[in-house]
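Each structure below appears as structure tokens.
Shared between the two complexes below is chain A, which has chain B as its partner in the first and chain C in the second.
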Partner chain A sequence: MHYDLIIIGMGLSGLMAAQTASDANQKVLIVGKGMGGLALFSNTVDLLGDISEGVKWKDGLSRWIQDHPDHPYGKIGLEKIEESLSSFNSLFPPPYTFQSKNEANSLIPTGIGTFRPTFLIPSTLMRGITVREKKTLIIGFKGYKDFYAHRVADQLKCRGIVLSLPEKLQGEISATALARRMEQSSFREFIGAEVKKHLRDEELIGFPALLGIKAPTGVKKDLEKRIGASLFEIPVLPPSIPGMRIFNRFKERLIQKGVTFLQGYSVSKALFKGKRCVGVEISHPPVITLYSADHYILATGRFTGGGLKVDRNRISEPLFQLPVHQPGSQEEWFEKSFFEAHPMHRIGVLTDSSLRPMGEKGEPILENVRVVGTILAHQNWIEEKSREGIEIATGYWAARQALAQ
Partner chain B sequence: MQWVRHMAENMNKKAWPKHNSDLCIRCASCMAVCPVSRVTSLFPGPKHAGPGAQRFRKPGDPSVNEWIDLCIGCHLCDLVCPSGVPISELNLIARAKYLDEQGRPFRDWLLTHSYLYGKLGSRFSRILNPLLKNGIMRWIVQLLLGIDRRRELPVYDSPTFRQWFRNHLPQEGKKVAYFYGCYINTNETDVGKATVEVLEANGFEVVLPPQECCGIPMLGNGNFKEARKMALKNIPSLLQAIRSGSDLIFSSTTCGYMIRHEYSHLLNIPGSEEVARKTFDLFEYLRNLKESGNLKTRFKALQIKAAYFAPCHLRSLGIGLPALDILRLLPGLTIENVEADCCGLGGTFGFKKEKYEISQEIGNDLKEAIDRLEPEIVLTDCEGCRMQIHHLTGLKVLHPVQVLREALIP
Partner chain C sequence: MKLQTEVLVVGGGATGVGLVRDLSLRNIPCLLIERGDFCSGASGRNHGLFHSGGRYAVSDPEAARECIGENRILRNIAPHCIEETEGLFVSLPEDGLDFRDRFIQACQQVAIPTRLLSRDEALSLEPGLHPDLLSAVQVPDGAIDPFELVLSNAKDAEALGTRFLLHTEVTSLTINRNRVRYILARDLLHGEEYEIEASYLINATGAWADRFLRLAGFHIPMALSRGAMLITNQRFSHRVINRCRLPSDGDIIVPNHTVSILGTTSVRSEEPESVEVTSQDVSLLIQETSKMIPAIKEARLIRAYAGIRPLFQSVEKGEDRAISRGFVLIDHEKRDGIKNLMTITGGKLITYRLMAEKASDLICQKMGIKADCSTHQKPLPGAEKTRGFKDRLKALGRMDILCDCELVLKEEVEEVLKERKLYDLQDILHRTRLAKGTCQGGFCVYRLLGILHELGMAEGDSNKKLKGFLEERWKGIRPILWGSAAREEELIEGIYKGIFNLNNKE
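Up next is the complex of A and B:
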């Protein structure tokens, strides 16, 4: 089969590229080994944690870009980053929208009761930013082991309670099982009554982020009515239910648009003719299928997704054999202390301004391939708190560049 | 996958994997999609049941976790794993061992060997069908066999699809071989007829190689030996068909997945790889024809509002949603994809009394997703999904090819 664009990788950057190209009525194939990083890492949209609270994002980011011209943000520029964010937002019409408070970063509580800066916040998590100003009650569930309400409440200096679940659900229970129950009104009736029973003078209730997968705003509203206080969700350990909501929304939209969505299989080989990629093979033993396209986008992530491989001494990109910008020797990969900024976290593929891969001296490598997301060099999303921003901006921009050619 | 091959070659449980589970990074992506652990806490979910528990399993030791039998075998965990852990396979092998030790009830034999009595069922359908629908009869079946009485039992068609085919006027053209599967032959013959008519309309001559049950009911119940027996019966005639230059088409994604992937991967049947490379899902084949400009694309307008559901085995085939791609060419047809995972029937899983409620709970999520779309009919490529969706919604449920046939212009 021949396509206009083949995207390899199903994380946010790949999905964003697929959505951008399919919006322009291109024939698109997206292939991913798993479900990408959304259910692992994402709840909100981080843009750049460095921008302090109260500073408008555009002011903060444009200053930061000047000091970081090699960063993916530096290559794309403020205007296109803004375009990409509004394109992302257009996928999430009310009621489940992503918004910032006053165009700036906000601090939201995490699943261990600390605070982290983030930019676009889904409506069910939004009130978390007011937790320091309001009397809050944190809710945990007995049998759900990824969220310790008392621990979180201690950190946030408020009260926490752990609810016992109805008899049928006793024992261990997972986030997805709870999220599914939350969509049943009989379960919400039970939870609402239990919370109300424990409520003293709190005006805000914090739940782990599992208030439903399909219709979280409805779940939130209904519980608020039953309890008589405002609710918010707190991001927890994987699987991330808010991340799944993003993934599901993209998937729904892409399939609607006729994008070929191949989840569960990785590209085993790429074929080249000169400086062009002319096809990729997807192996599903014993069958190998060849797909070709005018353009390709590599969105395979760093190590978790298999975008980069590491042996004792070198880090490599296994599919297109692109050069990986990295420290000269293995001793330089890590600093001594865990919390230092490790050089390992800045490695990746170098690209030109249209995100085509290039060598250390700036030489072009492949004309019709673009590289997006966290596999890119010169960014450290862990330290920068910039993961989703980089994914959205580069995915969008690479697809736009491919379309323009 | 070396170990799987190794195991299959020997069928010797001492050779089963020891360290494969160490690929798991405990990311819990599988926990996000498992339909069973989403509805019941009796099953701990793929992360724990698969690679987690695997670390504690020793070949010589008896099985300790009866919950392993609750894995429905949907493969969805495999599809989301970023590390390539064959989770559902670890589960299947552990289940096989557990059931080998426990012994299988007669009920499981009966559910997995319908190919033995299907033709009889078809011949005596007039007597049998009312009995199969009868409430008292189903109550007795539940009591004696443990097949849940709330589950409709499939009724039989007469004549069989093969008998119909023998009497239909053949068309000359490029030959394609068709693997229709037992259910189409005796219970849903119209799907077979529609497949033949659509292929003939596109200039093909359909041939039916001699065939038996593909063996997936046995494999799904952890019975490797019986599954292998069926595969060994099928491969020679399928091999002969493709060696004479025909491609092999399947209309059931379940049988198709079994032939294309499990015959070689899990069962190591000689010749199966050669067959697999020439084996195609019906709509994948039609989509390929379209790509090369050889599909007849003039269709009648059909004013139908339909919902399409992608079966688990179709997802596992890794070919996208070809039925949806083709059906979107039909004028007048409104079709939307149902955003839900796994119908919950799981082949024979949902027939079993002790699993019926779990099956229904999983199905309810699908029912809600279908209800939201308010379709007139539902389309899906797998007979199990069709049974379950009809059971859940009461709606008319068809194979996509039955709608495509309606749109053909003679």
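Up next is the complex of A and C:
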């Protein structure tokens, strides 16, 4: 089967590329093992933590880009980044919208009571940015062991409580199970009444981010009505329910637009002719099918996603065997202190300005392949707080470049 | 605060704690001071080998004899700390069989029972062994849990009236008319100062023995030797696997619960605190131990660590492994004219009881009292219970699991917290299996801190503690980050530095 574009990887960058290409009526196939980093790390859209609160993002980012020409942002440029963000936003009409406060970064409270600078915030997390100004109650659930209300509350200097669940749900319970329960009105009736019982003079209620997968704004609104106070969600340990919401929205839209969506499969091999990729083998056990396209986008992520592999001495890209920009020896991968910025997180695939892979001396490697997302070199999303921004901008830009060719 | 006691023991390793148990069983009041937690030195940083003595049979028969004697005693008094696995000394083609024959003979001379196994017999017992091995000799090695051993000793001593001052450092010794009159000490967590008067002072500080004596202006020759070890995330053999040759680098694989410990190296070290593991250590250990069990080459490692052997150097010798693993008991009355000061150091974890017995005998002799040792007969508290894995499995369905790698229950941790007021996060980790598994505490320490807040037991800033923990954890995993360990590390950093924005800026 032949496509205009095949995208390998279903994290945010791959989805964003698929969305961009399908908007232009291209015939697209996207294949991936899972949801990529969305189910692990994503909740809001982090653009760049370095932009101080109160500075307009465009001013902050354009200054930063000047100092970081090799960074994926530097390659794409402010204007296209802005386009990519509006394209992302267009996918999330009310009620579950992503917004910034005054076009700048805001600080949202996290699951350990710290704050993280982030840019676009979904409506269910938005009120978190006022936590320092409002009397707040933090809610935890007995049996859900990845969120500790007292710990967050002690850190934020407010109050925390732990709710016991109805009898039939007692024991260990996961974030996904809780999120699904939240979609049942009988469960919300129970939770609403319990919170109300404990409420003193707090005006704001913080929940771990699991207020429903499908219709979180409805869950939020209903609970707010029952409790009589405003709610917000707090990002917690993986799995990330807000990330799954992003994934589901993309999936729904892409399938609607006729994109071939092969979730749960992986590409076992890529075939080349000269400097072109001419096909990929996708294994649907026990069969292997060959698919081809005019263009390919590699969006396989870093180590957790399987896009990069590391043995004792070398880091490699296993699918296209692209060169990986890395330090000479293993001892240089990581610094002595955990909290230093490790060179390991900056390694990755080098590309030209249209995101085509290139070698150390800038030589082109494959003409019809583009590389997007966190596999790219010269970014360190963990330190920069730039994960979703990079994924959205590079996914968008690679698809646009492929279309233009 | 002023305190008074009969015998003051400095050092909370196996030797010091064993000593206060022995003394308190002889009805001699004592107090123990330890700068960190129990087992902060070599007692907590070793490969957990329950020696048969085989390792020293050829090179150091005296140490071997001590080992096998204590091996028999500990099986009776501390069965709950020991996994009786047996051990094999494996001869590879490059080793030949000359050493094996000397080895069997040497074992016989010090009464270590041996059984010679053919290649096929050895492979049927341990299918993971290299198929080209020539033969193997079985000896009564095993695995021991040093922390459980020391805690059991401490528990008994405490019940008999011994007081323990943990996280407390001796800052000065005052000597007057040939006696240590009193010492000053400081609680490192809360700042409390102590002035302690004791009739006798025992230096049981292990690798720190010389440094401690310098407080009194004395010096003893130590030959500190750093040994590095690696932990794999699976257990590669049922038995302890030794290489049948003179002790050398990377010649032992000790099973421990669900993992194996690969050891060791021997590098001369000046500082008792220098326990960093280098990339060369890691390469060497994998290369050498995989000669015995080839699958180790592809093993996922979960941690690297090193300990400092407190070897005592009586005469100058070049090779550290040639220095006797036997212990020394120094009576500073004879050596330096100080009537009430003694040092006990060197030795092995497995000979801790014997060391304690000899030191206690010397104290009794000085005190002019006759009180017999009973530690070789009296079981430690906990000896009546078996290793709790079966019970733990039974309880799993009903209770909250805090650590998914090692199946630690929330209730277990709450139990530990109830028993003694623990101030330091690491102290809690030492007393449970938290942070010992594949993720090395990446998830369960987050949960532990949450529970401390729930119980109202959290003191200070938990994010600062979390940072401290992650920094400490880093030392053990940085040398082994490749393959799936590197993947997991990206996840952990993505969570703490990414989602939670935990950093060192503020």
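Operating definition for what follows: the second predicted complex is superposed on the first by the 403 of 405 C-alpha atoms of A that agree within 3 Å, B and C clash if a C-alpha of one lies under 4 Å from a C-alpha of the other, contacts with A are read in each partner's own complex, and residues count from 1 in each chain.
Definition applied: contacts are C-beta pairs under 8 Å (C-beta built on N, C-alpha and C of every residue); 3 or more make two chains touch, one makes a residue touch a chain.
Please read these numbers as outputs of a predicted model, since none were measured by experiment.
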> Should the superposition on chain A be reported as showing a clash between chain B and chain C, or a fit?
Replying inline: fit
> So, does A:P285 touch the first partner chain B, the second partner chain C, both, or neither?
Replying inline: first
> When the two structures are overlaid on chain A, which partner does A:F115 contact: first (chain B), second (chain C), both, or neither?
Replying inline: second
>> Quick check on the superposed pair: does A:E172 touch chain B, chain C, both, or neither? Answer first, second, both or neither.
In response: both
>> Output check: A:F261 vs chain B and chain C. Expected answer is one of first, second, both, neither. What do you get?
In response: first
>> Taking CA centres after the superposition, what's the angle at chain A between the directions to chain B and chain C, given in steps of 10 degrees?
In response: 90
>> Quick check on the superposed pair: does A:M244 touch chain B, chain C, both, or neither? Answer first, second, both or neither.
In response: first
>> By the touch definition at the top of the document, which applies to A:N368: first (chain B), second (chain C), both, or neither?
In response: neither
> So, A:M1: does it touch chain B (first), chain C (second), both, or neither?
Replying inline: first
>> Which partner chains sit in contact with A:L40 here, chain B, chain C, both or neither? Use first/second/both/neither.
In response: both
>> Once chain A of both complexes is superposed, is A:Q155 in touch with chain B (first), chain C (second), both, or neither?
In response: second
>> On the combined arrangement from the superposition, state the nearest Cα-Cα distance between chain B and chain C in Å.
In response: 6
>> With the touch criterion stated at the top, can you tell me which chain A residues are shared between the chain B interface and the chain C interface?
In response: 40, 143, 171-172, 237-238, 304
> Can you list the chain A residues touching chain B in their complex?
Replying inline: 1-2, 29, 33-36, 39-40, 143, 169-177, 180, 237-239, 244, 248, 251-252, 255-256, 258, 260-266, 282, 284-287, 289, 304-306
> Within the complex, which stretch of chain C touches chain A?
Replying inline: 279, 398, 400-402, 410, 443, 446-447, 449-454, 456, 458, 461-463, 466-467, 470-471, 473-474, 478, 481-483, 486-487, 490-491, 493-495, 497-504
>> Taking the touch rule as given, give the residues of chain A at its contact with chain C in the complex, in rising order.
In response: 37, 40-41, 43, 49, 110-117, 143, 145-148, 150-151, 154-155, 160, 162, 171-172, 235-238, 302-304, 310-312, 330-331, 333-334, 336-339, 342, 344-345, 381-383, 385, 387
> In their complex, what parts of chain B are in touch with chain A?
Replying inline: 1, 25, 27-29, 31-34, 37-39, 41, 44-45, 75, 78-84, 260-261, 264-265, 272-273, 276-277, 287-288, 291, 315-321, 324-325, 328, 336-337, 339, 365
